[in-house]
Amino acid sequence: MPILDGALKVGLDHYLYLSAVLFVLGMIGVMMRRNVVVILMCIELMLNAVNISFVAFSRYAENVNGQVMVFFVMTIAAAEAAVGLALAVTVFKKFREVNIRFFEHLKG
Amino acid sequence: MSNTVLFAILLLAPLIGFLFNGLRWKSHNAYLAGTVATVAAGISFLCSVVLVSKLFGEGAVPAVSAKFYEWMAIGGFNVTAGFVIDHISAIMVLVVTGVGTLIHLFSIGYMSHDERPSKYFAYLNLFLFNMLLLILGENLLLMFVGWEGVGLCSYLLIGFWFSDSEKAAAGMKAFITNRIGDAGFLLGIFTIFFLFGTVNFQEIIGRVSGVPDLTWTGPVTLACLFLFIGATGKSAQIPLYVWLPDAMAGPTPVSALIHAATMVTAGVYMICRLNPLFLMAPNVLNVIAIIGAATAVMAATIGLTQWDIKKVLAYSTVSQLGYMFLACGVGAFGAAMFHLMTHAFFKALMFLGSGSVIHAMEGEQDIRKMGHLKKYLPITHATFFIGWVAIIGMPPFAGFFSKDEILWKAFTSPHGHILLWLAGVIGAVCTAFYMTRLMALTFWGKSRVPESVHPHESPPSMSIPLIILAVLSVVGGWIGIPHALGAILPGHPGNWLEHWLHGVILEPAAHGAHPSATLELALMGVSVSLAALSALLAYNFYVTNPERPAQFVSKIRGLYELVYNKYFVDEFYFARIINPLIDASKGMWAYIDVNFIDKTTYAVSDVVRGMGSAAKSFQNGNLQQYAMYIALGVAVTMFLILR
Amino acid sequence: MLLSLITFLPLVFALLICLVPKDSWIRPVALVLALVEFAVSLYLFKVFDPAAPGVQLIERMAWVPEAGITYFMAIDGISFWLVLLTTLLTPIAILGSWTSIDNRIKGFHAAVFVLQTSMIGSFLAMDAILFYVFFELSLVPMYFMVGIWGGTRRIYATMKFFIYTMAGSLMMLLAIIYLMFTARDTLGMMTASLLDLYTLKIPFVAGSFLNPQTLLFFAFSLAFAIKVPMFPVHTWLPDAHVEAPTPGSVILAGVMLKMGSYGFLRFVLPLFPEAAEYYAWVFLFLGVVGIIYGALVAMIQPDIKKLVAYSSVSHMGYVMIGLFAMNMYGVTGSVYQMLNHGVSTGALFLLVGMIYERTHSREISKYGGLAKAMPIYTILFIIVTMSSIAVPMTNGFIGEFMILMGTFEASRPFAIAAVTGVVLGAVYMLWMVKRVFFGPEGELVKDEHHPLHDLSVRELVVMAPLIVLIFWMGLFPNHFLNYSKASIANFVENRDNYRLVLDAPATSEKSAATFDVKSDSVAKAGQ
Amino acid sequence: MNPTTPMDFVTLKDMLSIAPMAVMFLISMIPLLMKPLLGNRELNPKTVLLYNVGAVIVAAFMTTTIFGPSFGGKSTAFANAIVIDGITVWMSYLVYLVTGVPLMLAYDHVATRGRQFTEFAFLMMSSAIGMLILIMSNDLIVTFIGIETMSLCLYILVAMSKEQVLSKEAAFKYFVLGSFASAIMLYGVALLYGTVGTTYYPDIWVGVTKMITTNRMFLTGIVLVILGFAFKVSIFPLHAWTPDVYQGASTPVTAFMSTAVKAATFVSFLRFMNSEGYAQAPQLLTVMTWLAVLTMTIGNVAAIMQSNFKRVLAYSSVSNSGYAMVGLIAAGFGANYNGAATSVLFYLFSYTLMTLGSFGLVALFEKNENTSLEVTDLRGMGRKYPWLGMALTVLMLSLAGIPPTLGFFGKFFVFSAAIEQDMYWLAFWGVINSVISVYFYLRPIVVMYMSEDKEAEVLPMHILTRGAVILAAVAVVVLGLLSSPVYALVKKSVVNLF
Amino acid sequence: MLTSTDFLFYVLAFISVFFGAAVVIARNPIYSAMSLVITMISVAFLFGALDAWFLAGVQLIVYAGAVTVLFVMVLMLFDLKHEMKTFSKGLLGNGVKLIASGVTLGMLLVYIWSTYATEPTFKPLPPAATSSIKATKDLATSLFTDYIFAFEAIGALLLIIAVGAVTLSRITGGTHHADS
């Protein structure tokens, strides 16, 4: 089955599929999970998914810049995680709650 | 003095009188106010006599004129404030200033007990000024200025006793009804201007082509039709006559001056002024004749039933104006002017006489509460008697000559018709009847005066005008003795008036056989004898057998009610025009402004607000909802862009 | 610099007013300042050349050259009188509000002066954007005047006024921008100067709606029609008038409405000649509807001020049909009628304000027999009424006559329909006069506790100039028309190819000549 | 420009290019370092303010000295990573302005003054550093770092209000949504990187010209990056955070967010859109047009229904993004990039002034950290505080676009840009929305002057805030009348963008 | 034919997707955290498979090491006693969310497929041009030349975030005892 064979032969597209799937999984998580910490995790998941794309593109284009970007993204992701978790802690201290549904005072 | 100065004095004298009295309007001094006003009117009269005299004798000019300043000049439309006295306006100016002066004089006594005599005389002078503008203006626009100006004064004077709602309403009715006519007049001016490129009478007449406009929508016909609409308003013809009877709410001298002698004849004057133009519009002439005849008959019949002394005279005025229009309509403009003049004399006389009666009766106007007044008011009775004879057309009084000329012309003119003549005769018969009835109920018969009232003869300031007018009512007609009659009279007096107006008033080209003098005399006899019979009948009804009218009326109850209620014309106007208009206006306000336009705006704002509410409800505070918007945005945007 | 001086002097005055330390000084100071402004504007008579058909006293300098916006002020015979009307009505309004405005007088007078600047500016601006700036700026002080010193529903009224007017004018802004780019494409430079915009030939397709000229025409027209206001978009006016304080109404009716009709004259007709001609019937129709509708609705108003407000709708309808008659008479009449309306409606609002100050009611039904209690007031009111219903010898007649004549030349059916307005005008005014002044005394008039005083000297002084003008303009219209004639003639004759010629000889002879040809042909056709 | 040897990878020119930014950053760290050195006591807020405002002023001064002589010119530094051109300089000043003024507001404001003001100021300055990076970035990844620096500081700043509940919630919402959007944008960056090979703007512009119609991955990348920008400038439907966060944050932070973030992001957005190639993608134009229209409309209609003044201003900020987007679309899809970009920058400038002033007023009205200023609270203020009342009036009228204020000219230029490119539909909706907006911009005025008077509250004597408000109002009028020099300056700054 | 790298890819891809899904689906947040760790590790291996060994290491250290530990710690800190619903409620809302995500995913997959799957140049993984040490060196060179500015900026960012995080942890709030 040459067609299937060709399709199954791992190439750039496969990494991108994976990246897209993980990214969208992360999106779904952000939109649907109630626990704020899990939401933060899902954001990390999205960033990771992007990183896969970067690295795959970098690898296939023989261009090291993509990896540099991944490096930056990782740093930023870490920073985001730090800030996010700090915020989560702050919010938790005030609300005693990590359910996103309780943060609906601002609206209208 | 030069013409310019004379014209200036002629016009400004009443205006100064107006300002003098107007500025001291609070004064109660009727004598000072009246004297000033009368003197102002007198000065005008003198000036007009001097000016008119220049048309006579050696070195006579066809017209005297003066130009003051350029009033308006826009594009090709140039209007000069210029005035002219020619052979037509000469008659009018003399009548107006002359009769006007007399009425001013009469008013001094009449208004001596009023609260605001100064105001009254101020208005009266203002009226005179405007009337002079109307008469003397050298162009249609100036005439229109005066035309509206007299309307305004009429409005002010009718509503002079404004505390009475009815009287104020009568003034308003007069003004508004006149305005309808004025609107027509305006359109007439426009048509004429765009037809001839000028509004100057001289130039218009100079530019009238000799070809009659036989269509209904040709410019000449339209112009004449529009102008005639104007005339129906001012001169109280069908369908706009309704204001005149109500206008009797004003002080009686006002009725005499404005609503009998001068202002109401302005329409006739205007048509005569433009007679060459109207001759070119035979269709309009026919309309005028029919309307005039109809008005004459209709008003006369209404006059038969009225109980208010002034109302009777008012309907009589309407009827007589109808005669004048009938004359115009059959192309007898000279006859119209003639009747205008004689009517001014005897109708002013009768109004002033009625004023004298009302004055004597302390304000009572109902003739059922009078009777046998000749005992108390001998001068009034005598002068009123002359007026009566004149109006019912008994020779040799003034009314006979003018009315008869009209009837003769209605019969013989190329625009005439036997039916028109017949209508005229019927009108004359009715006139004779109701005038006799008026005489009988007021002056003759048994006294029905209430105990509380003590009639007394008026002071000389009121009697003198009466006497002068009575004399004029007698002799006024002698300037226009018909040829047929002149031929059989001693000295063979010619028709001076016809001669005087020759050249300024064109006669319609006669066709067919020249009517014989015998026929004229015969017709004359018919109408006079019919009128006389009618007068006798009335005498019989109201003096000899006072119970007969009631018996007679009970036999024709329905018809009587119809006529007594003036054919329900006012009611018709209210029910079919005025009230629907008011209702429609209220409806329009409620439905178009408030409910449609505003509601539409509100609807727009409601839509905006609705969108706002929707936007607000989407903003529900849920973070994940917001994330969903972002995801949706991504999905939809990508879908739309990349599809 | 005279025009700039006239325009911006009031703005300086507004600042001066803010610096007046004592409230009691504000009114006299404001009055004096307004009179100073009037005096300065009278200097225009000395420098204005009535024979020049184009604009004059030009002041032109770059403002935002990057966008082609210039500070371009000039005057011609059309704006000349409107400027003077503005400077005249302002002191009158100030004097008229002497006792009726009793709170925040500092702000009030400052607002009046700012308003004056914006109104004069919009009459003098010869740059479309500059005009727009003044045009919109005028909303603000009026917004405050109605909103702060107005009646009970003032906020509703002032918001309605503001939003209506703004909604219209923003479309105009887009249209102006479009014109500027058209100018850039054809003339090679961005410009909003009217002198340049007039030279543009904007494509027009008869019968189709989606072509540049038609769309631009309607965009401009909407803005000005709302301001005028024309029939279907007039409903802001009665509300604004009823709620506005007297001086606000005076200025609103007296001057601000003219900004709309002036806009038609200055922008719509010359910029879009083909569209204006093609769609003239729309405006003639709406104008006539406005005349009749305004009059009929005025007739049944229970509130005097609302009646006068609707009468404005009717009167401005005349102005509109005169403009869209697009001939010498119509346009002259319209220009004249703008002044008339300013004078007589201004006077009417002042008079209504005077009685309102005394009785705090404008219900017609509560009056009656006022003539006995306040005779001088009555006389003045009737004089103004006569002016309003265009009785000859008053100013109103000249304007209406000219307009109707022009309309008659342009379109007889519309003229005949419009003439009914002459009658209806008399109906609503006289009926109101009858109910208010005549007849038995109404409940407010015979109120024992508050006897009505006749006009004070101040009030007479307020009215005097207007009354004088009513007769002056009625008796000697040439004194006024002579200043506008050349400009209007230039406008009418060269409308299709309008240039605001700066230094061309007067063309009045030419106008007479063309006219004669026309009238002859009409005469021939008639025979 | 790649260095030949590793040793000269940072030249003096590079250092000079970022010198203002670096100096600003370093000075702003001084108070932060002083705090632990002084035994972890709170510093006098005045000192902190002086240091930080001093840093801003020094930075402005340095910007003038270093870049002033070659203003309008263009140079790149750090191996093309950043670009110093007119826009950078011009917008740097704007950033200095919108950093300095909110700092002063924060100094006065009850919710930010006192404890942790040192850190607050430092974070605000850092956020400004992020913005400076953002406006000078010439590389998407640098842009992304700039956005993140700016945003991460803002998340914390929002949370730092002394108000307990709403500010924390707002910070968290902002954080989650911001990160979510960042991730989306980053995905776009990745796709662009994958298709173009680099993330330099010039390369991307070339890529747009070449690939936008052919390569769907590339187009997806473009769309996602645009949406990332759209989130920061709150374009529909990524605007939902705006009102909530603006309301929850302390007012000085709101002032900072609503002005600086928007201005800086729009500049980057503009740079991103600087390619003729976009015109080949009409569907992109259509979608962006709709986004702009919906942004304006949603912002305005929602603002009408608000009673909280800060929320009104927040929605107004959304709609203003829409207006700016009109110019941006004209820039991206029209033939006259420079003209349209100028209009956007001018608009941002006018918007910044007006919004700063308005939020300054709001800040002045807040008595304690839990106050939420309702529009009706303004009652009687016009009478009691005539100058402030007048200032608010001017600002509101300017926001509504009434001439001759700066707001009018901002709108004028933006609509001009749209009409110039025959985008009548956009201009039309812009105008319709202006009318809608009049309603809610006039409401504060109505309340201030036209409602029944009530005893007005006594406002604190915050001299800095008051000064800022009055200055903003004066500037709105004066610069409106003198819009020509301003416009010329902006135009000059844009001229060498290509 | 599938090579061993291909096979490895499929395994790792399955693991990362499976545990990625577990992050989203797991009821217990600790499970989510653990799944995240596994996903990250497998992503690190994927980096390895793409010859980005340095990044793989960083990924392991930073993500799997630091970040996830942080998450777990915070989760422990919260120590929720009560049960919490895992997913947001609202059928419509969830439906829209899933549809939006699905559409996005679908489009991404289709475009990736249409752009890359049919292009033979992208098909086989080309052999690594350089050794992993050389690659890391290239990375470093690039980082300190082309991306020096970004690198500096990131440094500043980390400093700022450090300050910020500390600040956040010390927020007390309220004005009553603040003005000291």
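A, B, C, D and E are the chain letters, set down in written order, and residue numbers restart from 1 in every chain.
Here, a residue touches a chain if its C-beta (ideal position, glycine included) is under 8 Å from a C-beta of that chain, and two chains touch if they have at least 3 such contacts.
What you are looking at is a predicted structure, and each value in this text was computed from that prediction instead of being measured.
Remark: the per-chain Cα centre closest to the mean position of all protein Cα atoms belongs to C. Ranked by C-beta contact pairs, the top interface belongs to chains A-E.
Comparing the CA-atom centres of all chains against that of chain C, the greatest distance is found for E. In this assembly, the chain whose C-alpha centre lies farthest from chain D is B. One inter-chain figure worth recording: chain B and chain E are separated by 102 Å, centre to centre, where each centre is the mean of the chain's CA atoms.
We define each chain's centre as the mean of its Cα atoms; on that basis chain A and chain D are separated by 27 Å. In whole angstrom, the spacing between the mean C-alpha positions of chain A and chain C is 66.
Separating the CA-averaged centres of chain A and chain B is a span of 98 Å.
Within chain B, contacts with two or more other chains are made by residues 616, 619, 621-625, 627-628, 631-632, 634, 638, 642. For chain D, the set of residues touching two or more other chains reads 141, 145, 148, 152, 156, 159, 164, 172-173, 176, 180, 184, 216, 220, 243-244, 305-306, 439.
Contacts with at least two other chains are made by residues 16, 23, 26-27, 30-32, 40, 56, 58, 65, 68, 72, 76, 79, 83, 86-88, 90, 94, 100-101, 103, 105-108 of chain A.
Chain pairs that touch one another are A-B, A-D, A-E, B-C, B-D, B-E, C-D, D-E. Across the complex, chain B is touched by residues 160, 164, 232-235, 238, 293, 296-297, 299-301, 327-329, 332, 369, 371-372, 375, 379, 386, 391-393, 397-398, 401-402, 404-405, 408-409, 415-416, 419-420, 422-423, 426-427, 430-431, 433-434, 437-441, 475-478, 481, 485, 489, 511-512, 515-516, 519-520, 522-523, 525-527 of chain C. Chain B meets chain A in the complex at residues 616, 619-624, 627-628, 631. Across the complex, chain A is touched by residues 141, 144-145, 148, 152, 155-156, 159, 164-166, 168-173, 175-176, 179-180, 182-184, 186-187, 189-191, 193-194, 197-199, 243-245, 247-248, 305-306, 311 of chain D. Residue ranges of chain B in contact with chain D, taken from their complex: 605, 608-609, 611-613, 615-616, 618-619, 621, 623, 625-627, 629-630, 632-634, 637-638, 640-643.
Interface of chain D with chain C (complex): residues 383, 397, 402-404, 408-409, 412-413, 415-416, 419-420, 424, 427-428, 431-432, 434-435, 438-439, 442, 445-446, 449-451, 483-484, 487-488, 491.
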